[in-house]
Amino acid sequence: MTVRFGVLGAGRIGKVHAKAVSGNPDAKLVAVADAMADAATAVATQYAAEVRSISQIEVANDIDAVIICTPTDTHADLIERFSRAGKAIFCEKPVDLDAQRVRECLKVVEETGAKLMVGFNRRFDPHFMAVRKAIDDGRIGTVEMVTITSRDPGAPPVDYIKRSGGIFRDMTIHDFDMARFLLGEEISSVSAHAAVLVDPAIGEAGDYDSATVILETASGRQAVITNSRRATYGYDQRIEVHGSKGVVSAENQRPVSIEIANGDGYTRPPLHDFFMTRYTEAYANEIASFISAIEKGSAISPNGTDGLLALQLADAALASIKTGKRVKP
Amino acid sequence: MTVRFGVLGAGRIGKVHAKAVSGNPDAKLVAVADAMADAATAVATQYAAEVRSISQIEVANDIDAVIICTPTDTHADLIERFSRAGKAIFCEKPVDLDAQRVRECLKVVEETGAKLMVGFNRRFDPHFMAVRKAIDDGRIGTVEMVTITSRDPGAPPVDYIKRSGGIFRDMTIHDFDMARFLLGEEISSVSAHAAVLVDPAIGEAGDYDSATVILETASGRQAVITNSRRATYGYDQRIEVHGSKGVVSAENQRPVSIEIANGDGYTRPPLHDFFMTRYTEAYANEIASFISAIEKGSAISPNGTDGLLALQLADAALASIKTGKRVKP
Amino acid sequence: MTVRFGVLGAGRIGKVHAKAVSGNPDAKLVAVADAMADAATAVATQYAAEVRSISQIEVANDIDAVIICTPTDTHADLIERFSRAGKAIFCEKPVDLDAQRVRECLKVVEETGAKLMVGFNRRFDPHFMAVRKAIDDGRIGTVEMVTITSRDPGAPPVDYIKRSGGIFRDMTIHDFDMARFLLGEEISSVSAHAAVLVDPAIGEAGDYDSATVILETASGRQAVITNSRRATYGYDQRIEVHGSKGVVSAENQRPVSIEIANGDGYTRPPLHDFFMTRYTEAYANEIASFISAIEKGSAISPNGTDGLLALQLADAALASIKTGKRVKP
Amino acid sequence: MTVRFGVLGAGRIGKVHAKAVSGNPDAKLVAVADAMADAATAVATQYAAEVRSISQIEVANDIDAVIICTPTDTHADLIERFSRAGKAIFCEKPVDLDAQRVRECLKVVEETGAKLMVGFNRRFDPHFMAVRKAIDDGRIGTVEMVTITSRDPGAPPVDYIKRSGGIFRDMTIHDFDMARFLLGEEISSVSAHAAVLVDPAIGEAGDYDSATVILETASGRQAVITNSRRATYGYDQRIEVHGSKGVVSAENQRPVSIEIANGDGYTRPPLHDFFMTRYTEAYANEIASFISAIEKGSAISPNGTDGLLALQLADAALASIKTGKRVKP
């Protein structure tokens, strides 16, 4: 079986997914839609697909699945439309910035029985997958503490930040999902601290750029997340899981791994400086997993509920900062 | 000038300090006191010193300074006595488990003008000193976030735990001091989570064995501390400081640094399994710093106030857990 | 301009190059030839190319360049034929196992003015390229010593070894080329030792499985190569260049870079276990360089002379072992 | 039993050994001799020993063992005198620069039944000891290839070089001993290359500053040694042993192991810059081993024959360079 795809949104991430679909032997890119005709045409031409409108894709008989890469405020609507149209849906995170809206949307997904995958790409990074596998294989015993260090090379434009829902819903949300992926239990309380240390303009936009969060589960397992919107040395993405029998960690990745030494010491190059090069394999694996689940009719993961739970943790972190209290998500 | 020493308490840590004094060209070990005569004699013999009682040392004209290594509940009293006796005092942490008692004790220190150093040995670890120097040299710009991972190889006996004041006053207190040492600003709020994951007996003794703490300063700098009473791979002691221009970290230390590779992968030996071998150099440096400060008449650091402030952070962490709130120390 | 390609030989390495051509925006895979019709068809189908015979490709007007991936003993003949046919030629190493035959072949290349690239893929590994760049940028001063560690995960079948020309012409030849690539001077003498330590059957086939070689240049620069046909921990490929101002090294690569620690120590996964996964990027970069050189009309590197010089070093190493002397290549 | 020591020569290395003796609970430093009275007095005072002449030590009844740290050209004579005087002898390497003289000297040692240890301190480095232990424990199977990288931070004065016997007898001799220590078989042939790349003055003094050597055993095991008299990044001392089941390596050591990262990459401090700080533990372990062997009456290792065999390898390396041939030591 070949899964036939439409890609909605031909921007940066749409291109990444279009490439992944085209390179997958079990999938075919049929159509690309974008409000900007040129963008859609460029992608369609490169992969021998057609340019179509979203409405055309919605009713197309030759399309089994869609990948939603349009602006965030269209995600929930499109998920509902394509759920009703009977298509399998891959949607970039988040489903929506408002948890209530997400719940409504997921209700439609449930009612229609649609398959929905949410784009937490980091679950598909080979190194993080290997961490999870080490846990599943019993290599570290019972999970006790998860440490996630997640720092961006640089802050996005303030205009973006204003529309982003804030650092917890935009950036930490990946780490909330990773914490859930690794803790093995649902989170029962959240404590958060945040500040503006990188750029005052971010504070003026009502957001933070530096944050630390503790998550705790009912049995007392703890996760710590450390975020900064700026790391001069590259895209800092580390996880560590401490358990009863040992610890497993995934180191940072760099494009080139040479070392130069002289009287000033030993120097290795900086890390990847961009999430797309850091997570190249993760993006490809993610789409491959979606295609495989459709083909096999197996469960989709991460699904809409995973998207909702991560969002609720973001809301809880924000509430913790505002109230100075530990908050139940 | 040679600084002439009496060591009070000839147990494990007393021996370490007696050796450091003896090996220091600017110091001389004159007397050793211990309630166990054999213990005192053994140390005195090894370093050609005399066995004396604490009272004898208190009035001795040939002793300039004492090192207090007796049980915790005698610390504050001895500090007061030797302050009044005009001796320079090095006291193992903590001054006392009760912050009010510490305040009273420090009042005596202040009134008598005594020199008091508190044994936060980790400030003298060469690797952590190098981290601090990197900060002071401006290598990472303004400090923003401190991450401290501190895990013991194994939990102490439950009997010890009962008398210890609890994980925050006994174990995390070193990390609280290290956070203060690195943050460059006083801490204005504390959030903590803790659980019993390692050994139920610790919980039955009213304590925790796994804890995570966020510390925040007035300007928003944040520190995260992660503690466990058990790390199967050794004595896990790492610090990382993230700043506006970069990050500096101190890696774990192991006694032997070979690597063996075969079909199962690349393996390096575990870490040090004991705080005394991990911090050998730190203990020697600490006493050297004390001797040097006495000789030069320069300020002692860390002093009694440092001891008090770390204890207050421990109390605040405990209060945060009990109340579920961010607590001002 | 689009460079139009024929691939000769649709085996393992032919497939790699066919994929690289197809994925390159400046190239087009037009035809595939293979004595095994099924093999040719499979590759042609996957990349929408035609199956043609070598003779058809030789006279085709719609083909600018060929990639020779046929058996070694056909290389020199095919290079001569396609030189005369006016095609640009990429040929897998070696041109031939006999240096005299290579010289004759390169004469035809020279006379016809054909463009010939020889497949020393390691020059295009991003990490090794970065080592070379560090040298070219003056980061380590004048090159003095090159150390190349090159060990295969496991020995090839003895049947292959019998046809391979021996370890120096088959395996070390890559290291000879790398030494030349990094030394910055031609090699003036060779000393070699070799033994059968891995598998007696290799010795019975007249070859060695373990070898060490010293190369020296006229000015006294030295390179050391260490080879084994078996490394239990994976495909061991390291280079280090020591210079007057410092040293630069390229570490080994592994598919997954996690670390697990427990009472037995810290463990990282083994290295890549296959040259094709280890050098994935190198293969793609190599073909991209060939395409770019054709498009720009710029010099090809590594060329036929590079192929010949590496082969001469292999012959010299063998002569050194037989005679017990330092040999001039 | 307490082993009572005389130290002959109170220079740099004499002080190191005097300290090791003093700090050893099973030994006592009784006397120090030096042609420079001040030097002897300084060491004797520090460790509460006496200043005596070499002749006085020779006949002293209260001295069991001597440590010879005098100039090289006195070593063989002193070994003979103290062998006849019935003292146990630790002698800094080399016994002599002339192999024939060493043989004569060892004859006296044999005839008198004296205990003689030669100061190949690196055998007692904890990391190299762990490498050897890994081999002995069967962790890497049968040894096949040893790689030794040994580079000094900087060249000694040319005056020293003129008296040193040349790079192979002065510097590489440690590596020859290490190769023997690790190979597990005696060496049957030597090929060497050397050049003057660091300082022309070294060449004018008739020596080399950069060398590579291959050693081979009868069964075909190979060792490669790489030497330079100058490494800008510190004292580069690495060993790696490749075997049938795996590989074991000892990494370089640095005094401080922090890492600083910023836009220029990740930087760790340089290595130790002096052999005495690099091998601090090795020197102490070496003397402890000597004391223990005397006390237990067990075999001394490394002994005079080890000293001779390493010297013969140095001579063979030199002969290989002069003749351009593989040389039997």
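By letter and in written order, the chains are A, B, C and D; residue numbering begins at 1 in each of them.
Throughout what follows, a contact is a pair of C-beta atoms (placed from the backbone, for glycine too) under 8 Å apart; a residue touches a chain by one contact, two chains touch by 3 or more.
This is a predicted model, so every value here is computed, not measured.
Peer 1: What's the chain with its C-alpha centre farthest out from chain B?
Peer 2: It is C whose centre lies farthest from that of chain B.
Peer 1: Give the chain pair, either A-B or A-C, that is connected by more C-beta contacts.
Peer 2: Result: the pair with more contacts is A-B.
Peer 1: Between chain A and chain B, what distance separates the C-alpha centroids? Give it in angstrom.
Peer 2: Once rounded, the distance between the two centres reads 42 Å.
Peer 1: How many angstrom lie between the CA centroids of chain B and chain C, rounded to a whole number?
Peer 2: Computed value for the inter-centroid distance: 57 Å.
Peer 1: Where in chain C do residues touch two or more other chains at once?
Peer 2: 232-233, 245-247, 261-263, 269, in rising order.
Peer 1: So in the complex, the part of chain A that touches chain D is made up of which residues?
Peer 2: Going through chain A, the ones touching chain D are 232-233, 261-270.
Peer 1: Under the touch definition given earlier, write down the residues of chain D that touch chain C in their complex.
Peer 2: These residues of chain D touch chain C: 142, 144-145, 147, 149, 151, 189, 191, 193-198, 210-212, 214, 216, 219-222, 224, 226, 228, 230-233, 236, 242, 244-247, 324-326.
Peer 1: Per the contact definition, I'd like the list of chain A residues that touch chain C in the complex.
Peer 2: Of all residues in chain A, those touching chain C are 126-127, 130-131, 134, 139-140, 245-251, 253, 255-263, 269.
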